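Listed below are the structures to be examined.
First chain A sits with chain B, and in the next complex the same chain sits with chain C.
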Partner chain A sequence: MSTTQRILPKGVSEADFDAALARFREILGADSVLTESDQLAAYSKIMMAGDDADYIPSAALLPTTTEQVQEIVRTCNQYKVPIWTISTGKNLGYGSAAPGETGQVMLDMHRMNRILDVDPEVCTALLEPGVTYQQLYDYIKENDLKLWLDPPAPSAIAGPVGNTLDRGVGYTPYGEHFMFQCGMEVVLANGEVIRTGMGGIENSSSWQVFKWGYGPYIDGLFTQSNYGIVTKMGLWLMPEPPAYRPFIIQYQDPEDIEEIVDVLRPLRIAQIIPNAVVIVHTLWDAGTHVVRKDYYDGSDSIPREAIERIKADEGIGEWNVYAALYGTPEQIEVNWKIVEQAFGASGKAKIMYGEEAEKRGGGFEYRSALMKGDMNLQEFGLYNWRGGGGSMWFAPVSQAKGSETKDQTELAQQILGKYGFDYVAEYIVGWRDMHHVIDLLYNRQDPEETKRAHDCFAELIDEFAKRGYGLYRTNTEFMEQVAGTFGEPLREVHKTLKNALDPNGILSPGKSGIRQ
Partner chain B sequence: MNLTRRQLMKNSLLLGAAMPLSLGAAWAADSGFAEAPVHGPIRLYGADRSTTELGLGLRQQGWAPSYEGRLDPLALNALPAGSLATGFTDEAGLVLLTSLLAGRGRVLALGRHEAGRHQLLSHRGPLTAPLAGEAGSWQAALGREYARLAQAAGSARQTRDLRRPAGEATSATELSFLVRL
Partner chain C sequence: MQNTTTVLSRHLPSRTLGALALFGALLLPPVAANASDAREPDEVYRQVCAHCHAPDKAVGPEITMAFPEAAWEARGNYIRNTVRHGRAAMPAFRAAKISDPELEALIEALVRGDMATTAASEE
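Take a look at the complex of A and B:
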C-alpha cells in the first residue's frame, strides 16, 4: 500500500502552508525545516494504542535560539499553523516524538541544547530544553563537580526540561522533578518572552534559587500545558552526599503491598528514607531482562504459576522495594537501624544491601545507579517482554496508605486480566503520595490486540476515577478522557486561560485535553 | 573462547583458518558478488546468521558492509552525517533507534519478520523483492532490497506484507532497519 497524499495542518490551505514553510526556511535555514517522509518517519512512531494515521506531522522545525522560536510562533499565528512542541522527544509510551494530531508541525527543540550555567555553590543549573541528562551528567563529571542528577529510567536520552515540564519523577531525594524546578524563560503564543520567578528582574542573581518571585506564581501553568514554549529552565541539583547505601527489601506474598506501604510511609515522611522509593512487582523486575514467552506463550494474562517460576528462577520477590540512605556514614548507620527495625517487625521482609544485594541479581544494579543519579537504559528491556512495540503507561496517584495500594493493585489486575494483559507495575513513593505506574505492554502489530489494549486503558481510566483515583500523566491518545475525569469546571478554567494566552490556538492543541 | 564477530574482525581472524563455519560460508560463497564495492560503505548491525546473510545481499549489490556487532543505538550519534546503517535488532533496540532519529536522520525502511509473515515499510517508494525462494535466504534477498532502497530517490511511504513459506524455520521475531544519519 502506498501513501503519497500530502499531510496539511487542519484548516490550513496548501498555499498558506507553503507560505508558512517558506517563512520557516527563512527563519531557520532549509536544513532545519523537515518535510520529507523519511525525515518525518521518526516523528510518526507511536507506542500507544491509537491509529498511526492520527499522529502524522506535516513538517518538523528545528530551532536553535529563542529568537527563532519567537519568529516561528509569529508565523504560526499569521497562517494559523498549529505546532506541537517536544524537547528531546523521548516521552516514550506517553506519545513519544509524535504530534498530538495529524497535520500539526513538530517544534523539535533538541538542537537548543546549551548548558547555560551550573553553579556548584548553590547547586543549580540553567538549561535549554534539548539538554539531555547524559549531557548534563558528562558536564558535571568533566568539571569534577560534586553534584548529582535525578534522571528518570530512560535517563541518558531524555532531558531534564521536558521531563520536568511533563511532571516526571526520578529516584533520588530530588525525585519529584517539578518541586526542584526554579525559574523559566517562556515564549508566549504572541511571540513575547517572559521570565518567571525572579527572572523578570534585570541582572537578578536569584532566578535559580528563589522560586516564587513576586505576585502570582505561574511556573505551573507551563507544565503539562500548551500556554507557552519553555526555552530555558532552572533546576536544583543534589549535592553529592559523603555516603550512600542502596538496599532492597523483598516480600513474597501479593498481599504484602499493604504492609510495605504502611511501614514505609512514616519513614518517608520523616525523611529517614529520603528518596523516591520504588516498590516493584515481579513482572517489572524480571521484565527488564526476561522475555515473557520463556515462561508463558498464551495471549491471556500470565498465570500465577508462571509468576512463581519467575520469582524462583530470578530470586526476586512478589514486591521488591528499592530504596537508599544518604548522608554521613554515621547518619546512615543510625537510619539503617531504624529501617531494619521497622521492616523486620513482621518477619516477612528480606532486607539486603551491599554484596548480598548485588548477588541477588534482578534490578539491584541498575536501580542502585538510578538512585544516585547515574545513567542507564535497562528499562528499555521491558519492550522485549511481550514484543510488538506497544506500550502505554497507566499512572494513577494514591495516598501512601496500604489500603489504597491494595485496592489499586487488585483493581488494576482485575481489569488487565479481563483484557488479557499482564500487570507489569511499580509504585513510586513520594512524600505522601504514590505514583502507581503500570506499563500496559501489548503487540501493536496485531489490530485485535491493539483494540483490546485501547479498550483496557479506557476502562482503567474510568474505573479508577470512579474510586477517586486520577492519573498524574497520560499519553496523547487519552488526554481528552483523562481531562474529563477532573471535572468540567477545571476544564473551563484551562480553556479560559488558553483563549487568553493563545487566541489562535496554535500551541500544541489538545495537550492535556486543552483546546480553545 | 568464543569470539564475537567484531572481535574476529578486529583480530583479522575472519580471513584465517579459524573463521567460524557460518561466517566462512557467507564470505567465501561469493558467486554473484559485484566485482568490487561500487556504492560505498554501509554499517551492518546484528550478531547472528541473519546479519551475515543481510550483508551478503548488500555485497551482491555492490555495497561494502562493515560488521559492527550488536546494535548500540547511542553509538550512532557519533557517526558522520550521511552514514548508512542497517541490520537487525530487538524491540527495545528499535524503539531506541527510531526515537533517536527524530530530527537527526532518515528512516528509509523497517522490517518485522515473524512466524508466517514479513511486514515491510519503505519511505523510499515501492518494495518489490519477494523475500523468498530460489536465490538464497530471505535475509540475503532483504539485503538486496535494502541495497536498492539505499539508492532509491522515491519518497512515498509504502507498506507490504509477505507471507512466509509454511514450514520455514523461524525462531524469534526479527526486526530489520535501514536508516541514513
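Take a look at the complex of A and C:
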C-alpha cells in the first residue's frame, strides 16, 4: 500500500501505527496481521446505505488465543489504536465485517473457533467467537447428540457468539438468544480477563448452568456494547423433542394483523406455542423466491393491485403465521386442538400443517427448517426481490397487542411509500413483545436510490421514536441516531461505564453510539 | 400421530457422511475441537456456498458447472474476486473464513466441474 493511499486510525500518527503493527506481528505472527488492500477488501463490503469511504479498515488482526487478545489490547492502549471487533462478520445488513468507521483496526475473532465443550446432559455449550452455527451443527450430528440449535436467518455462515452478543433472534423456543446465554470470558480494555456468572469460582462446574453468579449481573454489559471482548461464551441448547409439528396460518386482509396478534398473545405467553413465531407479510413471504419485476417495474412502492396478484399466484396470505409445536405426540395433539380452536373462532384463518402446508409451498419448507434449528439461508432470496445488494433491517419493538401492530404497520408503509420502497416485513413474536423486522431493500448500485434509502431509514427511526417505538438493534450507519432516541441520561450512563472500563476508548468506538 | 414429524436420526448421503467423518476427525475429541485445518473443496462448498448456490436453493446463481479449460483462469479470477470482495448481495468471505489455500482448491474444483455431482446431491 503506498503512503499516499494509506489509511490510518483516527488520531494516530504513522510512526505510532507502524510501531503498533510491529508489535501486533510479534504477538500474532506476520501472517495474521493484514495491511494490504487486497487482504482488507473483504472487511469493507457493506449493504447499508452509507458511504463506502466511511468503512475502510487500516488493518486486520487475526488472533487465535485469549492471551493474544490480551496483548493486542495492551498494545492498543499504548499507541491509542482503536479496534473494531467482529466474530464471523456475517451480520449482513447491520454492518457485516466492516469497521464502525474508517481507520479502525479490525479484530477478527473468526480463527478463535474452538468448540470447547458440549454437555448433552445439561444441554449446554461453551464456544469461542469464531464458531459458526454450521460448525456446531456438524459437531452435534457427528457426535449423535440429541440437541438443537437456534440459528438466525444467516444460520450456517454466522455464529452463536456474535449473534447473541448483538442480541439477535432465531425461531425455535430458544429464539431470544441472550436469554439462553450463560457465562462469558471477557478480555477488558486493560488486558485483564474476567469470567462472568459462576466462572469466577476456580474449577466451577456451574459456569454454563447458572447465569447470575454473585453480586451484580454484568453479562448484559458486554452485549451491543464496547466494554470488553468476549473470548468464550456459554449457551443453552434445546433438547431434541420427541415430536415436532410446524404449521402455517394464513389471513387474507391487511387489517387481520390485529386479530392474529391478539389471538396469538395468550397462546405464546402460556407457552402453548413455545417458539419465536413469525407473522410474515406477503412481500417477505413471496420475496424469498419471487422477483419484484415479474409483478411491477415501477420505481415507486409496489401497488396493492400487484400485491393481490402475488397472493393469488403464490397462494399466500396478506399475513402468514409460521409457528410450531414441540414435545411428545400427545402433548402436541392437545396443544394443536387449542391452537385450532383459538384461530378458528373468527372463520378468517386458514390453518395448515403436514402435506397441506408442504403443498402450499412459499416459505413453509425453509421456515420449518429454521424452527427446528436446521441450517438454511433461503431467506436471503429476499436480496433478489429488488436486486442491487442494498439491505438495512429496520427493527422496532412493539408490544404483542393488535392495536399497536396495526399502528406500526401503517406508519412503516406510509414512510416507505413516501420514499418509493416496499413494505417487506415480518413480526417475530417473543413472549410479550414483538420485533417488527422490515428489510429496507434498495439498489445500492444506484446513488440516488441509496441516498433515498438513507433518508427513509433516518425518518423511520425518528417517526417511530415520536410514537414511543424504539429499535432493538441497528446497523453501524445509524447507531448514533438510534442511541439518541433512548435519551441523554441513559447515554451518560453508557459513557460513564465506557470511561471507567476503557479510558483510552480503544474498543469499538461508536458501537451503539457509545464513545468516551 | 398423523402428520406430526417424529424426530429421527439424521439421514445423510454417504458422500456427506464421508465429509462429516473427515470433519469429525478434526473435531474429536469433543473438548477443544476446532476447524482450523484446511478443508476439502466439497466441504467448503457444503458448509458455505451450497446454502445459497445449490440448484434447489436458487438464492445465488449456480456455480458448479464445468468451464472449458481455456476459460479456467478468467473464471477463477472472477470467483476469487467475488469471494473476497463480495458482489451485490453476496457477502465477502475473508481469509479467516475461507483460507487462501482452501479458496484456490475450491476454484480449481469448481471450474473443472468436480463439484457438479456434489451440487446435484445436495438436499
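What we mean here is this: the second predicted complex is superposed on the first by the 512 of 516 C-alpha atoms of A that agree within 3 Å, B and C clash if a C-alpha of one lies under 4 Å from a C-alpha of the other, contacts with A are read in each partner's own complex, and residues count from 1 in each chain.
The definition used in the following text is that a residue touches a chain if its C-beta (ideal position, glycine included) is under 8 Å from a C-beta of that chain, and two chains touch if they have at least 3 such contacts.
These numbers were taken from a predicted model, which means no experiment stands behind them.
Peer 1: Consider chain A as the common anchor and indicate whether chain B and chain C clash or fit when overlaid.
Peer 2: In the arrangement built by aligning on chain A, the partners chain C and chain B clash.
Peer 1: Is A:Glu240 touching anything from chain B or chain C once the two structures are fitted on A? First, second, both or neither.
Peer 2: Only chain C is touched by A:Glu240; chain B is not.
Peer 1: Of the two partner chains, chain B (first) and chain C (second), which one does A:Glu355 touch, if any: first, second, both, or neither?
Peer 2: The answer is second: A:Glu355 touches chain C but not chain B.
Peer 1: With both complexes overlaid on chain A, does A:Ser37 touch chain B (first), chain C (second), both or neither?
Peer 2: Touch status of A:Ser37: first partner only.
Peer 1: Considering only the touch criterion stated at the top, classify A:Val118 as touching first (chain B), second (chain C), both, or neither.
Peer 2: Once the two structures are laid over each other on A, A:Val118 reaches chain C alone.
Peer 1: Comparing chain B against chain C, which has contacts with more of the residues in chain A?
Peer 2: If we count touched residues of chain A for both partners, the winner is C.
Peer 1: A:His177 in the overlay: touching chain B, chain C, both, or neither? Say first, second, both or neither.
Peer 2: Once the two structures are laid over each other on A, A:His177 reaches no partner at all.
Peer 1: Which of the two partners, first being chain B and second being chain C, lies in contact with A:His110: first, second, both, or neither?
Peer 2: Touch partners of A:His110: chain B and chain C.
Peer 1: Clash with chain C: which of chain B's stretches 97-105, 115-123, 133-141 or 151-159?
Peer 2: 97-105
Peer 1: What part of chain A is shared between its chain B contacts and its chain C contacts?
Peer 2: 34, 38-39, 41-43, 45, 47, 60, 62, 89-90, 92, 96-97, 108, 110-111, 156-157, 377, 380-381, 383-384, 387-389, 445
Peer 1: Which chain A residues qualify as touching chain C in the complex?
Peer 2: These residues of chain A touch chain C: 34, 38-39, 41-45, 47, 60, 62, 64, 88-90, 92, 96-97, 108, 110-111, 113-118, 130, 132, 134-135, 138-139, 141-144, 155-157, 240-246, 289, 329, 332-333, 353-355, 372, 375-378, 380-381, 383-384, 387-389, 391, 444-445.
Peer 1: Touching chain A in the complex: which residues of chain C?
Peer 2: Answer in residue numbers: 1-7, 9-10, 12, 20-21, 23-24, 27, 30-36, 47-48, 51-52, 57-59, 84-97.
Peer 1: Given the complex with chain B, which residues does chain A contribute to the contact?
Peer 2: Contact set of chain A toward chain B: 1-4, 34, 36-39, 41-43, 45, 47, 60, 62, 86, 89-90, 92, 96-97, 108, 110-111, 156-157, 377, 380-384, 387-389, 445.
Peer 1: If you look only at chain B, which of its residues touch chain A in the complex?
Peer 2: 74, 90-92, 94-96, 98-108, 112, 114, 119, 123-126, 155-160, 173, 180
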